[in-house]
Amino acid sequence: MEFLYTHETLKLEFPLVRPEEAKYVILGVPFDGTTSYKPGTRFGPTLIRQATLNLESYILDYDIDIAELPIADIGDIAIVAGDPRKTADRVRETIEELRRVNPDAIPILLGGEHSQTLGAVEALKPASYVVFDAHLDLRDSYEDNPYNHACVARRIAELGIREALFGIRSGTKEEVEFAKENGISWVHARDYDFDSFIELVKPLPEPVYLSIDIDAFDLSLVPSTGTPEAGGLRFWDVIEAVEWLVENKKVVGVDIMEVGGTELGNVTALTAAKLLFYIIGALAR
Amino acid sequence: MEFLYTHETLKLEFPLVRPEEAKYVILGVPFDGTTSYKPGTRFGPTLIRQATLNLESYILDYDIDIAELPIADIGDIAIVAGDPRKTADRVRETIEELRRVNPDAIPILLGGEHSQTLGAVEALKPASYVVFDAHLDLRDSYEDNPYNHACVARRIAELGIREALFGIRSGTKEEVEFAKENGISWVHARDYDFDSFIELVKPLPEPVYLSIDIDAFDLSLVPSTGTPEAGGLRFWDVIEAVEWLVENKKVVGVDIMEVGGTELGNVTALTAAKLLFYIIGALAR
Amino acid sequence: MEFLYTHETLKLEFPLVRPEEAKYVILGVPFDGTTSYKPGTRFGPTLIRQATLNLESYILDYDIDIAELPIADIGDIAIVAGDPRKTADRVRETIEELRRVNPDAIPILLGGEHSQTLGAVEALKPASYVVFDAHLDLRDSYEDNPYNHACVARRIAELGIREALFGIRSGTKEEVEFAKENGISWVHARDYDFDSFIELVKPLPEPVYLSIDIDAFDLSLVPSTGTPEAGGLRFWDVIEAVEWLVENKKVVGVDIMEVGGTELGNVTALTAAKLLFYIIGALAR
Amino acid sequence: MEFLYTHETLKLEFPLVRPEEAKYVILGVPFDGTTSYKPGTRFGPTLIRQATLNLESYILDYDIDIAELPIADIGDIAIVAGDPRKTADRVRETIEELRRVNPDAIPILLGGEHSQTLGAVEALKPASYVVFDAHLDLRDSYEDNPYNHACVARRIAELGIREALFGIRSGTKEEVEFAKENGISWVHARDYDFDSFIELVKPLPEPVYLSIDIDAFDLSLVPSTGTPEAGGLRFWDVIEAVEWLVENKKVVGVDIMEVGGTELGNVTALTAAKLLFYIIGALAR
Amino acid sequence: MEFLYTHETLKLEFPLVRPEEAKYVILGVPFDGTTSYKPGTRFGPTLIRQATLNLESYILDYDIDIAELPIADIGDIAIVAGDPRKTADRVRETIEELRRVNPDAIPILLGGEHSQTLGAVEALKPASYVVFDAHLDLRDSYEDNPYNHACVARRIAELGIREALFGIRSGTKEEVEFAKENGISWVHARDYDFDSFIELVKPLPEPVYLSIDIDAFDLSLVPSTGTPEAGGLRFWDVIEAVEWLVENKKVVGVDIMEVGGTELGNVTALTAAKLLFYIIGALAR
Amino acid sequence: MEFLYTHETLKLEFPLVRPEEAKYVILGVPFDGTTSYKPGTRFGPTLIRQATLNLESYILDYDIDIAELPIADIGDIAIVAGDPRKTADRVRETIEELRRVNPDAIPILLGGEHSQTLGAVEALKPASYVVFDAHLDLRDSYEDNPYNHACVARRIAELGIREALFGIRSGTKEEVEFAKENGISWVHARDYDFDSFIELVKPLPEPVYLSIDIDAFDLSLVPSTGTPEAGGLRFWDVIEAVEWLVENKKVVGVDIMEVGGTELGNVTALTAAKLLFYIIGALAR
């Protein structure tokens, strides 16, 4: 039964399609078990979706109305509290289910801890992993847990996937050495520009998975994330890179992770929501 | 298609039934066009639903698990911005639709401005209106609008419905006189006790509509409402009255209105969410 | 009429009269130089006045509309930053100015630190000082300053003014001994009831100055004050006492002090604003 | 001088003149009836004025002390709640009143919703309208209301006034087409630089009305506005343009709109307050 | 080396003794890995200690200055992130270390999740466990973890320790049945009074461990805890019970748990800090 | 006695040395008696130290782990409330004490009001004073106090110390004239670039004291400071200058002042904490 005036709450605001018919499939991962400093990324998916109510669905830059695109929103993963590996398994299985009925759909994760990216990458098996992040995330283990968010790029590298990291301004000596020994290239936020992005990403094999740890942005744009860092990227820095990437490389999966806070319409969520719309728009043009 | 690990976001957390099969049907009304002081009740329905994640579905006092009851959540009304009357029309029509397929279901509104109660009352046609509120809401018109939240009890009285008001601690001379002339009885928050409730409610004809303007509670419990007032009721005061009412009178509709704020898990939303669970539990026992 | 030390600021919302014609004269004292823990009482007068926008001017309990009473608002004292004594001198001189043109007006201070009450008391020369406060404020000196807010009741006692303190739940051994030696009676918040108030206040000589340090209330009602304390009074406790006092004793001055915070419509300011309206209403009936 | 629709409120901190003698006349418009996402612009005028307490009145860049300029503050418009058109009528009439006694004064509106700019433009009848905004505001109607804030540039264009828009990063296809068909030029925030401003503004006929929707700035500078958008302008971008404009074109009216929030000294209000001082300083040099 | 004017930061503010000489030993447990709803109890110990700066060390009610008592503060436990059992092991071992050098000292835990109480109980081996809590905490397992905070009373009961629970207003049917089958008595917050406390606690064997989950208090007093619940206890309810308990029973350990938030001086922390001082004072008199 | 699992709370997170052995000695100055607008810098030292928990101790840019450097943290100065001069005397004496036992250590102050820099400068007697600040701080007296934070650069200049100021965007005509007459050079935030820094600092005599009033940064990075100003510097602007300074000049003392707020992990504190780590790293490489 349907009512004349009611609408489903807290999905994206415009008409959605069924996952079988979608080109873009949104999936929330409200997990924050291993957040290092500021807790609260469990509310990330809800906050991002709610913040899209602030936005026009029409993207001026692309002359595209994403409300007219075939988008599905399959809700949130039921997390396994405190266990990033088991939760990431559920992410992986969910994306595998999706691919069985719709192999061409591009999953877009909204998180939630960066640790969950691993599940998506395991399901999608990209050849390359391009990530914006303030942190290298190349630790072997953190707080006794190899599936901590601080290890996700390491776990992905160990799968034989090529990596390029941008916006970096935090790491350990061990992570730097691991990167060097394993041919993982990265650009410090201080040195980041569009050319540095193209230079590193151009040689990467396809398909590509794109991960955006929201803390890649400057902390004035993303105060409500697990580990905000001064000296980060600006909004158009990332958009410009996303545009080049989706135009020049086959992208099979995307995520926007580490969004937190408790306040509806907080700056971090608004930044993530606009980024989400640009990503979908860029993929579609 | 259904996914193993996904669940719909931002509905009540336990298994819900279709409206045709429900005894209790939740409906959000995210309207805040005429809020007098603190804006933000537009986020009320989302905040209340999200706050239920904090609660056990089992009500200790009643030995009832409301997760096992037939509850539907039909989402939020698509509001007509700035127009309380047209939005209330949609509330009325939605409840009328519901009653055509399920005449016995009890609608439970989550608001949103108190002005929207009018739509529910028009659809349900109760003989009496029992309300907890800090304010008389008996103005003829407020800010040039007869459908302002400050007029809702007046509009309902004009339908010939008997009224009893509790927790009152704000009003105008005109409202007091209107109440006196029209046989509307009310109890000041300073004088409120359980006996005063029974005394006024016992003689009221059935069926009854129960409305709880969240500002009836003390402002320490509900800081995020449109017009919070010091000196209000405590949590168990209202629960005790609700229990008596649903045991002794036929109740055909209920609402919890004027919940606001922007922070997930704010005190006002938590108070409203627990009240919601007790109301459903009390109705069911 | 112009005062030497006041300046224009946000005023009460209803029609005001000139100080010469007023029975009640509001004066803000935005001083917070010696606040012990939470800073911010400098914004108190602005916050209280702004919070009155939330309230009806009609007091249900008294059938009085305070918007029809002769009230003046002479703005805020220009403070001497960091110097409670010099600022209190300006409070004293301003009230003396007022009394020269209107000897019967009752000044109502909105603060700002409790230290400023001294200036009002020096100008008004009451025989007794009745105060609601979580703290004894009977220190000889605090942080090397005898005019710190923690010393105000001591300074007033030294003027030969009789005192009664209510809602107390914090003090030092020296303050307790000073109270005992000087016949200053007080009631602990745990033991407070209406009878205890009447018992201590009845024998006090007139005229009386009434001071309400907002921290007398429970910290759930007044989180934004300099030194909030758990276990305080409820709203009606204080109203009931005020009503008895103004009916049974000649009151020459009143204040509501230690209101702080930075958020418009915060719970502390709303409590203070409603208290202000009740005090004016009670004085007028 | 008294105005029909204004009332006293918090004022700027330095000595003010009467409106008849002023060159710059400040007028608050605390209207937020049609805000799309974050409510609260009703507190904008109070917040901006209060935030000026944070600032020196001396503008380093211009060697001008604006405290020495002839500025009047005529308080806030008494709004018609929920009705942007009727409230804008009051804005128009108030400015017309002002112009009858002082035809050369430049009104400076502090808002409040952008919808209210229409009233000022109707009174001042500029030949051109220069606006900084994240949004095109060129809709024919929004939420059934042609006087919604999202339509203000459309209504103004329909008066035959030439327009140039800067900082744009949100709009609909219909708005873009309307702009194209009606010769309305605009610059996307991504493409904005000083040259782009001069190029579009230089050919515009005089006199000019300057409107600054505070959301033109990046959301890190203005989190407390109705619809904050990532990727906006920086502070000096706008100041530089204002300086060029007032030096090269006759400006007859200015506004700073869509300032919101509830916290005194919030970042949005501080940005707006400093902008206000620079605008007055630039006009005066 | 010692400096004339410096003091250690973020310990209790008054002179402390070495643990070997102390009667009361404070220990922070900043663990929040399994918090159900509102994250942030990791900051609890810091927030409580900082909030003591708001308080007099002299307890009016007892004529005792706790600054003169032999108190040690041994800092915070180094937690094992995400693992409540391993962290509780560290709590246990730390208290065992303490008891080897000072068998009579009473450890006072500041938390942090309620799960950590288990470590203290294992070290101290009391005969009875008296707890104030909104929740029964009698689940066998929660979110796949038997050491979740929702299971702590169950784990303790399984050690053969007698239990009495007060302030309860949340639980599951299974917990209620487990309580009944195992002779665990509890009092609902609605029914709680001093007599109910004495009745249940009087027959309990000694020594006793006292645990206070801060959510036992009403949510207006403790909004910043993991799972705040409306309808809780007032401040003096708990103090009165603590006084009776320490006077009538040998108490070997105490804790104040589930304090959260991020704001210095938040209401929850202030309530916990005052409770801490009363507990120490009551133990000492 | 030491415990296996405990660590001192609220010092920097890594192993510290005794002051006698340190090269870098941290000293908190929690003074905020004369803050002009937003109070709360009293919590600055606690907030900065706590925010370092968010950071890696390894500085990517320098390949230096500051956790391996000889750093001491001697806690906070016991302030004299309301008296910036007496508190600055204590700062001076403390640094003198330190220099007697360790003449080569570099003190690093964390504040607290800028007024306290004077004490450090008096103790260290540098030849030059390099400061980042939004304000000139060259007033002769402010609010009747020559030791107000707005006068600190004036007091230092009067000691015959050469000065260069960067990031300035607020001042009075008198301050500008004093600067001109006394050969004090400064760069407006609008005009600031790396070259302007080198040009002014290169000719300055050694040794140098470096002071960073956190309000030099843009208000989006430092909303929680006493007087935040739009149009400030970005993070890397200051880091780049610090790097040049410590490489090219002998620096004998450093401070980071005017950090405020009450929320753990606030953006201002996070910016200050990262700045602190870069300063130590730059000094060490």
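Residue numbering begins at 1 within each chain, and the chains themselves are lettered A, B, C, D, E and F in the order written.
Definition applied: a residue touches a chain if its C-beta (ideal position, glycine included) is under 8 Å from a C-beta of that chain, and two chains touch if they have at least 3 such contacts.
The chain lineup, named per UniProt: A, B, C, D, E, F = Agmatinase.
Just so you know, these numbers come straight off a predicted model, no measurement behind them.
Student: Touching both chain E and chain F, which chains are there?
Tutor: Touching chain E as well as chain F, we find A, C.
Student: Where does the A-D interface recur among A-E, E-F or A-F, taking recurrence as more than half of the contact pairs being identical by residue number?
Tutor: A-F
Student: Is the contact between copies chain C and chain E built from the same residues on both sides or from different ones, judged by whether over half of the numbers are shared?
Tutor: Homomeric contact, different residues on each side for the most part.
Student: If you tally the C-beta contacts, which comes out ahead, A-E or D-F?
Tutor: Here the pair linked by more C-beta pairs in contact is D-F.
Student: Using CA atom averages as chain centres, what separation in Å is found between chain B and chain C?
Tutor: About 38 Å separates the centre of chain B from that of chain C.
Student: Provide the C-alpha centroid distance between chain A and chain C, rounded to the nearest whole angstrom.
Tutor: One centre to the other, that is 55 Å.
Student: Using mean CA coordinates as chain centres, what's the gap between chain C and chain D in Å?
Tutor: 40
Student: Where in chain B do residues touch two or more other chains at once?
Tutor: 38, 218, 220, 262, 265
Student: So which chains end up touching which?
Tutor: Pairs of chains that touch one another: A-B, A-D, A-E, A-F, B-C, B-D, B-E, C-D, C-E, C-F, D-F, E-F.
Student: Inside the complex, what are the residues of chain A that reach chain F?
Tutor: Where chain A meets chain F, its residues are 36-38, 168-173, 176, 188, 190, 218-220, 223, 227-231.
Student: Quick check on the complex: what are the chain E residues that touch chain C?
Tutor: Touching chain C from chain E are residues 53-56, 58, 60-61, 63, 65, 218, 220-221, 234-236, 239, 265-267, 270-271, 274-275.
Student: Taking the touch rule as given, give the residues of chain A at its contact with chain E in the complex, in rising order.
Tutor: On the chain A side, the touching residues are 32-35, 38-40, 42, 80-83, 143-145, 148, 262.
Student: For the complex, give me every residue of chain B touching chain A.
Tutor: These residues of chain B touch chain A: 1, 3-11, 18-20, 27-28, 43, 45-47, 49-50, 74-78, 90, 93-94, 97-98, 101, 262-265.
Student: Can you list the chain D residues touching chain C in their complex?
Tutor: 7-11, 13, 43, 46-47, 50, 262-265
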